[in-house]
Amino acid sequence: MSQQTVFAAELSWPDYDARVRDGSVPILIPIGSMEQHGHHMPMNVDVLLPVEFARRVAGMTGALVAPPFTYGYKSHQKSGGGNHLPGTTSLDGATLVAALRDVIKEFARHGVRSICLVNGHFENSWFIIEGIDLALRELRWGGVETMKIVVLSYWDFVDKATIACLYPNGFAGWDLEHGGVLETSLMLALYPQQVALERAIDHAPASFPPYDVYPAKPEWTPVCGTLSSPKEATAEKGEILLQVCVEGIAKALQAEFASAS
Amino acid sequence: MSQQTVFAAELSWPDYDARVRDGSVPILIPIGSMEQHGHHMPMNVDVLLPVEFARRVAGMTGALVAPPFTYGYKSHQKSGGGNHLPGTTSLDGATLVAALRDVIKEFARHGVRSICLVNGHFENSWFIIEGIDLALRELRWGGVETMKIVVLSYWDFVDKATIACLYPNGFAGWDLEHGGVLETSLMLALYPQQVALERAIDHAPASFPPYDVYPAKPEWTPVCGTLSSPKEATAEKGEILLQVCVEGIAKALQAEFASAS
Amino acid sequence: MSQQTVFAAELSWPDYDARVRDGSVPILIPIGSMEQHGHHMPMNVDVLLPVEFARRVAGMTGALVAPPFTYGYKSHQKSGGGNHLPGTTSLDGATLVAALRDVIKEFARHGVRSICLVNGHFENSWFIIEGIDLALRELRWGGVETMKIVVLSYWDFVDKATIACLYPNGFAGWDLEHGGVLETSLMLALYPQQVALERAIDHAPASFPPYDVYPAKPEWTPVCGTLSSPKEATAEKGEILLQVCVEGIAKALQAEFASAS
Amino acid sequence: MSQQTVFAAELSWPDYDARVRDGSVPILIPIGSMEQHGHHMPMNVDVLLPVEFARRVAGMTGALVAPPFTYGYKSHQKSGGGNHLPGTTSLDGATLVAALRDVIKEFARHGVRSICLVNGHFENSWFIIEGIDLALRELRWGGVETMKIVVLSYWDFVDKATIACLYPNGFAGWDLEHGGVLETSLMLALYPQQVALERAIDHAPASFPPYDVYPAKPEWTPVCGTLSSPKEATAEKGEILLQVCVEGIAKALQAEFASAS
Amino acid sequence: MSQQTVFAAELSWPDYDARVRDGSVPILIPIGSMEQHGHHMPMNVDVLLPVEFARRVAGMTGALVAPPFTYGYKSHQKSGGGNHLPGTTSLDGATLVAALRDVIKEFARHGVRSICLVNGHFENSWFIIEGIDLALRELRWGGVETMKIVVLSYWDFVDKATIACLYPNGFAGWDLEHGGVLETSLMLALYPQQVALERAIDHAPASFPPYDVYPAKPEWTPVCGTLSSPKEATAEKGEILLQVCVEGIAKALQAEFASAS
Amino acid sequence: MSQQTVFAAELSWPDYDARVRDGSVPILIPIGSMEQHGHHMPMNVDVLLPVEFARRVAGMTGALVAPPFTYGYKSHQKSGGGNHLPGTTSLDGATLVAALRDVIKEFARHGVRSICLVNGHFENSWFIIEGIDLALRELRWGGVETMKIVVLSYWDFVDKATIACLYPNGFAGWDLEHGGVLETSLMLALYPQQVALERAIDHAPASFPPYDVYPAKPEWTPVCGTLSSPKEATAEKGEILLQVCVEGIAKALQAEFASAS
């Protein structure tokens, strides 16, 4: 049993307790989903990537990584293809909110005062925020006033220069990046054996009207499930993305959690 | 990307869809926790073990394994030491119920009609049952009448003969096996590098009165967090347990899900 | 209107208030169910028994007995025959949790600081625990830090010697005692007119596999609804059980609530 | 064990099942509270009275009486003195709604298609209605379209002639009858040993402004907890009330449930 | 942008903040519904009237008026015709409770310590009370102990003398006033262009038995949807009602909120 | 009482019923908030604007407009300044979800089969989606399979050409448009008397890091509450925005709801 691991649940409780009791060590919680990612990638991409980002950042900042949330909020047609698709396995909003609220409060009970939610699934965003709000409210009721929580989606750390470099033919927006160049490149860099690029379907970026329709209109989503083509993905692009995001996140956490350590 | 994996989320959606659409393939959902397991084991034991049981059984029965539940219900003092202990990170009952209800319904949407919940954390038991009941109720409202769900805790498949063999000096009951010979032997067989048996504390089995008290009485729980000593744990015992439980579970699923395939 | 009654709701409010205001008097809350108990007993066994245990213990310890919970959690196939059976009338888990949480908080408002939940229905167990946990959490938010709650199921006070005496042919476990010798003997001792032992069905103890299946498999439950035969039940055994349990519970409460009085 | 009892939970399941399976027998559910009722009456008045009304009406109409709800919604200052008073022990609205919803659905599962909720606590009224609405909605989702539910508070069956007779000096309204002539007379007729009329406080009817204030203003409620004096209560008046209400309720049920039997 | 408006949401935040920060200015929250009001009136009567009452009272007392609740609790057959009627658009009880709880807590965050809920829809009454109770509970958990909330339905301020004057032929009770003389007269006085008195249906007051039935019995409700005839409604009666109620409410608030200002 | 109004609640129920019963007429539901919008605008901007968009579109398409939601989800620091600001008055996510779910189901009960949610408050977006999902699920349980729901935020209909025209110096993104040129121009065109442009604070667009922090960091939000300067707002720009958005929305609804009419 290693004491060097950054994964909190791989520690024994005395080792964990010694780390977090005084509130100086941040906890990073990866929030993912089980969601279709096209023909060329598995359905756990949104778990694998935030876990890996969290692992790298934890290594750089002295933080610990909590067990990931393996299910997330319902896939949205215009950012994930829609929750009608096979394989996508989602939670009601209230469930995700409650789970996050509970877990944050438990880490607070251990002494943790700095938490970073590392989101890997776009649709989780607002329910994460609500979960944080409810947790902080209840913590205040219980007398805990000093919890600080950072929430981020790793792709928001890709700056314009990197976008210009990675998408020489123009960038369609993060929404359409579902199963596209960003995620595929990262997977190629990190888990190449999990990617079957030869099975990827090349297609024009999905084009949606400026509104949503429910029930989802299956004809709006490309049949393969990705919203833009992953064909231009490469491991090299993945390495660039990794570097940019890891550095950005680490810097953010150092800035925000400076006073805690 | 392997098509041979038994882990559902490691498949692409078309591969997954081809497997489950007609309802013949069961899904096994491991339900764990993040919980202290003494000085000698990490806090993810209750995830690692049911995932591994599910993986082996899936390989024998043609089932698929869903992403595990990485957090579970609150640790009970007389079966897990108590939820006041550092490191233990738990959900409210309603949260676990809702999460399980949601996920079962999603698998039903994909076509799945046989589900087995593989529990690794004693305290989850009743909330799993409620989650199933709510899911089946809502599925019936939605017109799905043929879902069949098996729920089990792997240790219930250890028969009396095996107990007699593994515990020559007497068996204290599954409740007190928290962090004891059962879990430690299984971990030694499967993940020896995650066990530091030399850090284990040898102590007499915890002795509790025939009632519970809340808030928990910390003096009731052995300081180390285990409820019985793991000192007699060995990898060989773990192998025996693995074999007995895997065979038992596989047989149960073959019997119960026979009509589905 | 008697001031001597141990039933809190049979007191006028000034008499009740004088008793509980300073926190020294414990409240015992019987938690039952409406559940089939075979051909030979009525469906309120799980209310009658904990009410009577509470009444006797209250008389010995100076406690008061709150109105019972007349409905409980869903009957489990392997401990109560299953919730598909006619007559069994159950609550969702969340409902029982909320009701118990509310009532505990109200007693706390009156000044009560010692509560004992006297459970008569196995399936209530975990939802009682969750109700307590939520109540204590909210009480802490409201500044009440000193509430102490004992929770027990009366049968857990039957010691091994008594079991050996009452079950000379071997004891099948509390789970299978549904409508069997334990409950029937107690009813014969306390409410003989409510028992029609001549209608009892003699059958071998139910035998279940080490897992559960949902929806329940009606063929697993003996047709009569009991899980073991009540034929060996006698009023004398009931008297022994009464004495052992009442003494055990009274002693437990005296020990746990000593500091309160 | 009597087969003649009207109390459903005093029947064995086969006897109960034989009665309700075809939907012809109505179930009456008494809904009460634990609430202060002045110095002269116990706190279970709102349970005892609807149970007795239900028992009598059941005897006349061939119905069965379910176990009562022993806790109800929060006492309102202008109809029950307020929920700040000692002894009053209440549920959140959502809890009462859920409990009633659950129980109605269970009776429907047994085959029951006619239910009457016999309310004994004014403040329950609207939450009973919501509980019914949610139950009927879920029953419709489950394919049960023929459930019919009557809800009543027994005092609404006291007609103007009876009021004139019982209150020769003028009637202050049902709201102010909390612990007053109505309830006290009924208790004197039914449970005289539970009434200590000599302890009753004589006071002018409480007088409230046409609005409510929260938190409750203790000075608005007479110190004794009743809202009008019970001094004019007699067992004879109780007998008249019993007769008028029982006849009225029986007639109503016969009219409404005629088609069911 | 006027600084003189009494409508809080028509102020800029600095103007609003300057008014409410020190807790001296009460907030009036109109609670309405979207509900059928017969052939001669629109479905927003229960919003228009409490908003106007609140506006007038605010002008007299220095209070501010919050945005109205535009949807309310389900129409009850005996006070609003029933929730089966076309056009009536209602919330579940829990939804109304939660919305009111949330909004009260937000005003408390701004510094407000005096709130008056001005109800225009009878069926909201009890859910408003529950919303207040939950809000005050959570505010106490958060350390706010000084919030005072008045809740009223404007018609409760019509005194007996006014009733005698307005209903020379006898008053059927507020319940039956749905779409009748009271509401119609007020609408004629305030929004004559919204009333088509010539379309009103003249009918005897609805007559209901002393109990309710669910599902609603359509034949109980007059086909037009009103429960008593509005034919005697006049703008003059509306002016009298306005004056009586506005004066009564203003006086009540001045008395209750005196200490706050 | 006009029969020409597009506001559903201004109709009598027979007029409304005649319009919606056969499902051909869409209902537009404006969803707003009470939220600070800087020094120069009132806090009801997010209600006024979607109501007016809905009114205009309804006039063009034969739809009806439901009463607006006057409160919305919590303001997010990077799109609305943050929910810590005075005046902003928000709902929990679950409350907004439940309210929308309830109202959609009620319109479905009336016969409506086409609904458009016209959102005026960015933070509502995901909770609107969840409310729709829950409503559609329950409608399916109740046998309604043909409801179609469009959800839109009006600003998403501003095309790139219009952006280029309105923001000659560059467009900072819709998030930062809180209280900026877009909303202020629309208000100047529609409600000039509600805008005090001279009180607007000119400031550089707010600049946020690529993550959020909770509790909100007040120093991140410009003191005035707007996220970009409204100084370049004009009524002319507002007219352009009105025209572009109204035309876009009307066209979208005509396309999506064509089959319904």
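First chain written, first letter: the chains are A, B, C, D, E and F, and each begins at residue 1.
Assume a residue touches a chain if its C-beta (ideal position, glycine included) is under 8 Å from a C-beta of that chain, and two chains touch if they have at least 3 such contacts.
In UniProt terms the chains read A, B, C, D, E, F = Creatininase.
What you see is a predicted model; the values in this text were computed from it and never measured.
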According to the touch definition, list the chains common to the neighbour sets of chain B and chain D. C, F
Which angle of rotation, from 0 to 180°, maps the CA atoms of chain A onto the equivalent atoms of chain F, to the nearest 5? 180
Just going by residue numbers, which of B-D, B-F or A-F has an interface where over half the contact pairs are the same as at D-E? A-F
With chain centres taken as the means of their Cα atoms, state the distance from chain A to chain B in Å. 26
Whole-Å gap separating chain B and chain E, where each centre is the average of the chain's CA atoms: 54
Can you work out the whole-Å distance between the CA centroids of chain C and chain E? 47
Can you list every residue of chain E that touches 2 or more other chains, as numbers and ranges? 92, 94, 141
Based on the touch definition given at the start, go ahead and assign the chain network to line, ring, star, complete or other. other
On the basis of the stated criterion, which chains touch which? Give every pair. A-B, A-C, A-E, A-F, B-C, B-D, B-F, C-D, C-E, D-E, D-F, E-F
Hey, which residues of chain A end up touching chain C in the complex? 138, 141-142
In the complex of these two chains, what residues of chain A are touching chain B? 1-2, 7-14, 16-17, 20-21, 34, 36-44, 47, 66-71, 85-92, 94-95, 98-99, 102-103, 106-107, 110-111, 193-196, 199, 225
Please name which positions on chain A make contact with chain F in the complex. 73-74, 76, 83, 92-94, 97, 123, 125-127, 129-130, 132-134, 136, 148-152, 156-157, 209-215, 248-249, 252, 256
Report the residues of chain E in contact with chain C in the complex, numbered from low to high. 137, 140-141
